[in-house]
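Each of the next two complexes has chain A plus one more chain, namely chain B in the first and chain C in the second.
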Partner chain A sequence: MSAEPKPPSAEPVSRDTPRFSIASSPHLLDSSRSTQGMMVDVLIGLAPVLLVSLIVFRSYALLQVGLCVVSCLVFEALCAGMRGRSLPLWDGSAAVTGVILGLSLPWSAPWYIAVIGSAVAIGLAKWVFGGLGYNLFNPAMVGRAFVMLSFAREMGTSAYVRADASIDAVTTATPLAAAKMESVMPDLWPLFVGIHNGSLGETSALACLIGGVYLCIRRTASWEIPAGVILSAAVFAGLASGIGLSPLSWFHHLLSGSLLFGAFFIATDPVSSPLTPKGKWIFGAGVGFFIILIRVFSGYPEGVMFAVLLMNAAVPLINRLTRPVPLGGLPTVKEAVG
Partner chain B sequence: MNRDEPTAGERFLNGILPENPVYRQLLGMCPTLAVTGAMKPAMTMVAATAFVLICANLMVSSIRHLLKPHLRILVFTLTIATFVTIADRFLAAYLYDMSKQLGPYVPLIIVNCLIISRCEICASKQGLWESFADAVGMSLGFGLALASIATVREILGSGTWFGLSVLPESWPGWGVLVLPPGAFLTMGLLIAGVEWWGARQRAVEKKSVRKAEAA
Partner chain C sequence: MSRWLPSLQSRKTFRHGVHPPENKEFAKDSPIEVMEIPQEVRIPLLQHFGVACEPTVKRGAELEIGDVIGETQDALFSSRVHSSVKGKALKPTVTTLPNGRHVNVIPVACDPEQSLKGRDLFEEIFGGDWPKGGFEDLSPDEIVSAAAEAGLVGLGGAAFPTHVKLKGAPDRPVETLLLNGCECEPFLASDYRLMIEAPAPILTGALLAKRAVGASRVILCLEDNKLGAVPILERAASGTPVEIQTLETKYPQGSEKQLIQAVLGKEVPLRGLPMDVGVLVMNVNTAASLARAVLRNKPLTHRIVTVAGHGIVQPKNLLAPIGASYGDLIEACGGLTADAARVLAGGPMMGFSLPDLDIPITKGTGGVTVLAERDLRAMRETACLRCGRCVDVCPMNLAPTRIALASRAGDYGLAHEWNLTACMECGSCAYVCPARIPLVQLIRMGKVMSKKEAVRKAA
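Showing the complex of A and B:
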């Protein structure tokens, strides 16, 4: 999402001026790939996820996501105003943060959770670091972590369940919580299409796959990251269920919770993920490893948020270790890092 | 006495805001982060630190002519450790619950850089009166900083202040502020606020100086 340097504005060329365009590298600036274009792509990719959450959770999904988007835009305008910048609302990054934050909340979360989460996501995670392109951590996940640690009751496993609700999906516990607490094995088909309880955007593996593959084909998201997450999560989940640590099979692990949502939409945030393909593989593999580690060994049923935040912190290190050697440069990593 | 050193009044005032130990010097971070979850433990910590700081400053100042340069840090540390032990035993005897709650942070006052820096900067060079004023000013500054952080954390985090509820019953406590991450977040934002305020003050001063020059 980093703002690309604008091409130097064309200065008036007089006859005597030699017509050479002088600019520093990289010279392959593709002006058709703007921040705004990428954000619109992400929103299109999120559309199937949003659709499924509207079907499963109906008006709750609309309210939650709408509230998050509106508050993110408001806080973005406020913070930009405080920094004396012109309103950057139309680059769409705040809207994307809002949609992802909204989709990662439980349907039952009260209004102040959405507002506080948005304020923290935009203010603390993004603008404190200098705005779009400078944030070390994924804004939506910082916002979610803040409200998750603050309001454990409203965000925890019991918040998802209401036995007397008119919506079928929310009368039972989320699949991961049920597996953790009562060792109930979820059926694969509901997990795949999304007819079960969970955070708003995470229920349907199918919708995440459709949206995610679209993003990867459009190259808005780097395919290495979701591939790394899914592969390493599959390996470690297989290992965990193989030696009896987890009642779920590796396939259940992949389809349940927000693993696919996180792999395609959260971990791929271009600002807070590594730059090189090799680094992206390492990053994805680390996220997958931590997701399974947290799911199997911690008190939380799901670990995508903390996994992404942990690996975000490692991104500068990964970038340093995977710095490519320039043509004709010294071949050893040590020299290149210097 | 060295005439270049600040007077007692200056020492006192400097400690409160211009050289605030937490906001300007970033000293004593350990108690600042660890015990500011609520006002009560924060203020107990401030009282204990103030006691140690004032006593250590007075003691060091009164023996400053005997200090050998290569042994001075050792003497400072032993002096501070003596008073910290007194404060720790006192709390354990008369405020047992609070002493339990503060845990290792009272003995850790020994390594609070604020105290040893005042011994080095002020008490080992200046007389009793200046050292006393310096210690009181610094203690007030330290107390002000801890109080501001603890106020934000306790009110938003649990809706109370000094254990008294100040926000309506329906207030959802921002649990994360009472947890350790809340200390870092609150302190970072407050330091940013103080810096912003200071920058604005300097800008205003510059303007008024320019006006005075122009007039």
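Showing the complex of A and C:
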């Protein structure tokens, strides 16, 4: 079916009707998909999570997420401007980063944390590498890691609790912290629907599932990644609690913390995850493994952020190792040279 | 979703691929119409995969339909060229085919009094009796040389000389003959119309090809968006060993390697040919021409061309003389609409856009697609999102983004590492890419440039 390639210089000079448009095949594009459309899709997928966090944390959630989105957009515009790119780069990716960053912060984090986190996410993690499509690490997670390491007190376990607050959920420790420090077993039902303490977006497993499944059905997110995360986290958590390393059951582990939020919304960032289905499975499984490893063995109660960043760093290697074999097998070495 | 549930899927097809809008309704129901003879045809001396022919007629020669006008003796990979009209040979000139190749052409001024035209021409080519057996006294060699003399090439688009294919290689016997009626390109309907209007010569040709290569099975394959042709073909095939197989409609099913995977579940080796797995694939139109060449001694002079798209006033399937210009064909279909914007030789997935209409059609021209303004939505390119969609659809199982971006960066070594040359330029990847990266264009450029680089290094 293949035909002679058309060397750019060999185009004949048009003789009579120069109005025809000339372009390379294919001449049909699937218009149901665009970069912007995919970002809008992610925002739709995040809507249930946002809704629950508004119910649980009320105006705190609104302020935190709003501040992150606005900051991310402002920094995106600044960076694009400095790079000499046309300003209205409304591909929507900065808004997605803002929402995810906002949802991963504690409700009590002061305003400068949101702003600094956004600056690092957009400026350092994204634009230093060349903007959308070139970053190695998930921008929102880089931003969060930066503020977490720099502002340990404002971001630590105690930041989530305030006994005198007007919101019920935040008068107690987050379920994972409680389990770690005080060996308190969380009830499953509140974990599932989300009426408990935690980062803004991580409280409701149900909301994450609804939004996440939507993204997978739309194929905006690759289903292999959350499947890999959840399966491997369940296996390793089961192992850990089986041999007594973790007080929580595998099911508690899946429902608590930001595991599901991370599996569906953070690890699935296409830019910082592998290309092939096989690579996506490996990536997801790695994230799940590191989440449990960090939860069980480190001083941190939660491990999603570091797990994703670690696996981000492995993506180039995974891509190289999972290079697809062409139909009909690989050429022999001799053929490949010719 | 269907990708996840292969077990629930009974309809056969190949792996990966895409579902572009089929757009068959433009021309699917228009019966084949014999085109009015234009004033002049210009017949290229290279219409096939291989070596160009030398002219065998002098300027001023009086020609009848079917007279040989170009030939080459010493090349195996070549295919004779015949006059498609009654008329007078003019001074040879040069033209540029849609794929960018410069070729010599012999223009023929058509005699207004043609010996065969209209319905008579159709009947002469496809009508009459087509035997369904009794070919035992024809030797395979006779069939092969009849194909060579008739100038047969694959009519599905690749234009590979048919006699070379039928001759095969003694160490790689053909067990299965696949007749390709998939016509997976959107808009095109010429194979479908032939299957409906003239199934008999297809089956006769199939049996002759079976005899020539010694195949034990013959399977006629078509996609399930052409179910209308199935009962007709079944009736025509009754009493013959030809099996009919419908496949799930998907692009690019008509590509040889994909068709073999879909029907037989076999993988043709990357640099190999279908005969490496004991298969020969032949387009249904080629089969019909083979029947005519062997049993009636008639060369390939006309072909069915679908002319369709929003930019065409009256889409049709034309039986056109080879060498007629794209402009002639479009005129025969009522001309271009006011918003016609891009004219393609072939279908929208693999077709070449034409700079002007003064180019002749060749044996391999299966269609003319004219897109209108509204089909050419401007799409802004963004950076690659590494979403992997292109990987998910590539029928050759490549990573198009890697090859294309390496080519763009001029790193041809890396492009080869990701199997640059395995790409058949089907366009599936660029069709789905949400970032609108011109993947096929970049890959094609990479192929050309890496060859140039290799030549430079060797020198």
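We take it that the second predicted complex is superposed on the first by the 296 of 338 C-alpha atoms of A that agree within 3 Å, B and C clash if a C-alpha of one lies under 4 Å from a C-alpha of the other, contacts with A are read in each partner's own complex, and residues count from 1 in each chain.
We adopt the following convention: a residue touches a chain if its C-beta (ideal position, glycine included) is under 8 Å from a C-beta of that chain, and two chains touch if they have at least 3 such contacts.
Worth saying up front: this structure is predicted, and the values here are computed from it rather than measured.
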Identify the partner contact of A:37: answer first if only chain B is touched, second if only chain C is, both if each is, neither if none is.
-> second
Regarding the shared-chain residue A:133, is it in contact with chain B (first), chain C (second), both, or neither?
-> second
What's your read, chain B or chain C touching more residues of chain A?
-> C
Touched partner set for A:112, first chain B, second chain C, both or neither | first
In their shared complex, chain A is touched by residues of chain B numbered 172-177, 179, 181, 185, 188-189, 192
Per the touch rule, the chain A residues reaching chain C in their complex are 1-8, 10-18, 20-31, 33-35, 37-38, 91, 130-134, 217, 219, 222-223, 270-271, 273-277, 280, 323-331, 335-336
What residues on chain A touch chain B, complex-wise?
-> 110, 112, 116, 124, 128, 146, 149-152, 154
What part of chain C is in contact with chain A in the complex they form?
-> 1, 4, 15, 18, 20-21, 96, 99-102, 156-158, 186, 252, 254-257, 261, 267-272, 341-344, 348-358, 369, 371, 375-377, 379, 382-389, 391-392, 394-399, 401-402, 416-419, 422, 424-428, 430-436, 438, 440-441, 444-445, 447-448
